[in-house]
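Residue numbering begins at 1 within each chain, and the chains themselves are lettered A, B and C in the order written.
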Amino acid sequence: MSAPGSSMAVQEPGGARLVLALALAGLLSGLIIIAIFEATLPTITANKAAELRAAVFKVLPGVSRLQPLRYEGGRLIAAPGRATDDQTIYGGYDREQHFIGYAIPAAGPGFQDTIQLLYGYLPGERTIVGMQILDSRETPGLGDKIYKDAAFVANFDRLAVDPTVVAMKKGHKSAPNEIDAITGATISSKAVVRIINEARERWEGRLPPPGSEPALTEVEGSEGKE
Amino acid sequence: MASKDPHLLLQSAPMLRQGLTTPQAMRDVLYALTPIVLAALWFFGLGALLLLLVSVAGAVLTEWVFTPPERRREALADNSAALTGLLLALTLPPALPLWMAFLGAVVAVGLGKVIWGGLGGNLFNPALVGRAFLLGTFPIAMTTWVSPVGPDGFFDLSSSLFALPFHAPAYDAVSSATPLGLMKFQQQGTDISRLLIGNTSGSLGETSGLLLVLGGLYLWLRRDLDWRIPAGIFAAAGLFSLILFLVDGSRFPNPFFTLFSGGLLLGAIYMATDPVTSPVTPRGAWIFGLGIGLLAVLIRMFGGFPEGMMYAILLMNAATPLIDRYTQPRVFGRKERSR
Amino acid sequence: MKDQNAYEEFIKGVWRDNPVFVQVLGMCPMLAVTNSAINAIVMGAATLFVLVGSSFLVASFKNLIPKQVRISLYVIIIATFVTVADYTLLALLPKVHKELGAFIPLIVANCMILGRQEAFASRHSIRFAVLDALGMSSGFMLALLALGSVREILGSGSLFNVPLFGADFEPWVIMILPPGGFLTLGLLLLFFNWVTARRAAFLEQVAAAEREGL
């Protein structure tokens, strides 16, 4: 730093060699990384698709085919094979390709970190039929009951969404739009409810009227194999 | 206490932290705790006695095991380990399994005191270290409260007390929320008279407001505690919750409820005043007390937990060396700010 | 004599110069991913792969690597191996990869690995460099496993996902949370130092006895 001239003098003889060495290493490294990326990409994509399919089938009982739907230009269109983002939900169809319901991914702050979940929604009946936590870091033994406690998860089978979903103290569930919160993990329970209510509000106006959902575009024939 | 000549501010020693307290002070605290222990037995029955004994035994045993043989007699003679075990037990829920209480006492003395070099070297209040560990480790058992059984149910022992080590407790009594829990989750107040007498659910030694204040008065008369610390806590907690109460009386409890519910009295009188982990200068004691009161109310009203006293004290314990450093009296003859 | 040296280069990383318990390096993965034994093993294996691969390459090309850019080159080499490990894990063990999360890419920043290149691999033969890397990463993996086992046994009541206690085991929740990592690491360090001190005292006694005997 203090004497750039002198350090230049020391380095100058090897300058080209230094650049060459770094460039060569960078090139080799890049090649190796591209190779491993290409080699593992099919498996990674397949894993992710399988994971998503399993989750969708769990929250939408009776579904045998699914396709991504994307909200674009003011309406919901079928978007098979496209990259998914936060404008994407999934449509579930039965074997005869009749529309059954939506699987809607949603995320929001939990007690510790963001909770990501997926819920199945029947627009005709305005009812939630299943909820699956995709990713969360809630407190082990307390907050993690939002996916470990079968009784809590069962709350989301046939849950009315009107006017909003409400978390009640355990044992006080009385209306179809109420769930029993987990004792000792009120914050995590309420977080799940809030995430679902926010997602519902967000998608409320975007979903087409029941009966006119996008049809299944026959592209991925293997999609339905369970 | 305004001194007329600013150059002649007289202040008694010690100016610096002193590592040792006398066994006499420890004994006074034990005397002051006697009525509270009796109240715990009255309200929570024989189970409370078992918890107290197990916790004290765990603390004393840990001190004995981790002290070199030649110093054991001296280390146990000051009763500080027994006091730590007793204070820890007083902050535990009445139906906590005995093995958890034992573990908490081992951690309290082992990680709270011995590992820092023994009495006088610890940064945090040992009993609260043990309680914080238990709350983090067994969050469900540590927040399952039962109603006081009263003298009629003295011999009714909850089966949860006798859960085998490493096993989950089975509760046979119906759990009941503490006044703070009722306030936090159901916006339900509790009669001030019940808080004063103590027949509410809660930790063993925190329910009876009246006896806690009496014990505090005894310690104050015996000059065993720095009155500025509890005074600071009461002032900050009372004032802060009064402001909140005036802003929104339906959401926040009144200041009397704040002062007499939960562990605020127990913590303010018996734990915050621990001479080892609180500042030594009078100005420091005020800062320390005010900080605890403010933090405790902040955690209670806006945090995830119904009670914030434990974390408030532990946080201010951590700030104690800094407070001591910045409230050192000026050395006579030196300029302001030269240390 | 040569085999004796080789053994010594390997074993020093496992015990005497253990990267965790003695050098106190690589604390970030040590605390972050050791809430179960299986996570600890996978993290240890990934680190072993990166360290052994990097040490081998650095020792092989040590005469070709210009001194002025050596650190940059080491980092390029290490980062390449880390990326390979990252994608391989993502493809083969997606569940474990999800739990280890950001800590696989962060192996690049594990100072133990760069430290071994600069301090050892760049100035020793390939054979010794690989042995040293094997020893160091075994020591690292052992430490991770010790921590992971303690935390899984107490925090989940199982080891390698095999339940050890009955159904009504009460988990020590704190053990799978970050404070449990700090507590366990502190206690293990304490234990390690205690053993070392006892051993030194014992050797001292033996030496004294021998002197008196002479």
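To be clear about the criterion, contacts are C-beta pairs under 8 Å (C-beta built on N, C-alpha and C of every residue); 3 or more make two chains touch, one makes a residue touch a chain.
Predicted model, so just to flag it, every value in this text is computed and none were measured.
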Farthest chain relative to chain B (centres taken as mean CA coordinates): A
Chain pair, A-B or A-C, that carries the greater number of C-beta contacts: A-C
Centre distance in Å when chain B and chain C are each reduced to the mean of their C-alpha atoms: 41
Cα-centroid distance, chain A relative to chain B, in whole angstrom: 45
CA centroid of chain A to CA centroid of chain C, Å: 35
For chain C, residues that touch 2 or more chains besides their own: 173, 177
For chain B, residues that touch 2 or more chains besides their own: 139
Residue numbers of chain A (touch at least two other chains): 139, 141-142
Chain B to chain A touching residues, read off their complex: 139-140, 143, 185-186, 304
Contact footprint of chain B on chain A as seen in their complex: 111, 139, 141-142, 169, 184, 186-187
Residue ranges of chain A touching chain C (in the complex, touch as defined): 11, 14, 17-18, 21-22, 25-26, 28-29, 32-33, 36-37, 39-40, 43-44, 47-48, 51, 135, 139-142
List of chain C residues in touch with chain B within their complex: 157, 165-166, 168-170, 172-175, 177, 179, 183, 190
Touching residues on chain B, where the partner in the complex is chain C: 111, 115, 133, 136-139, 141, 163, 166-170
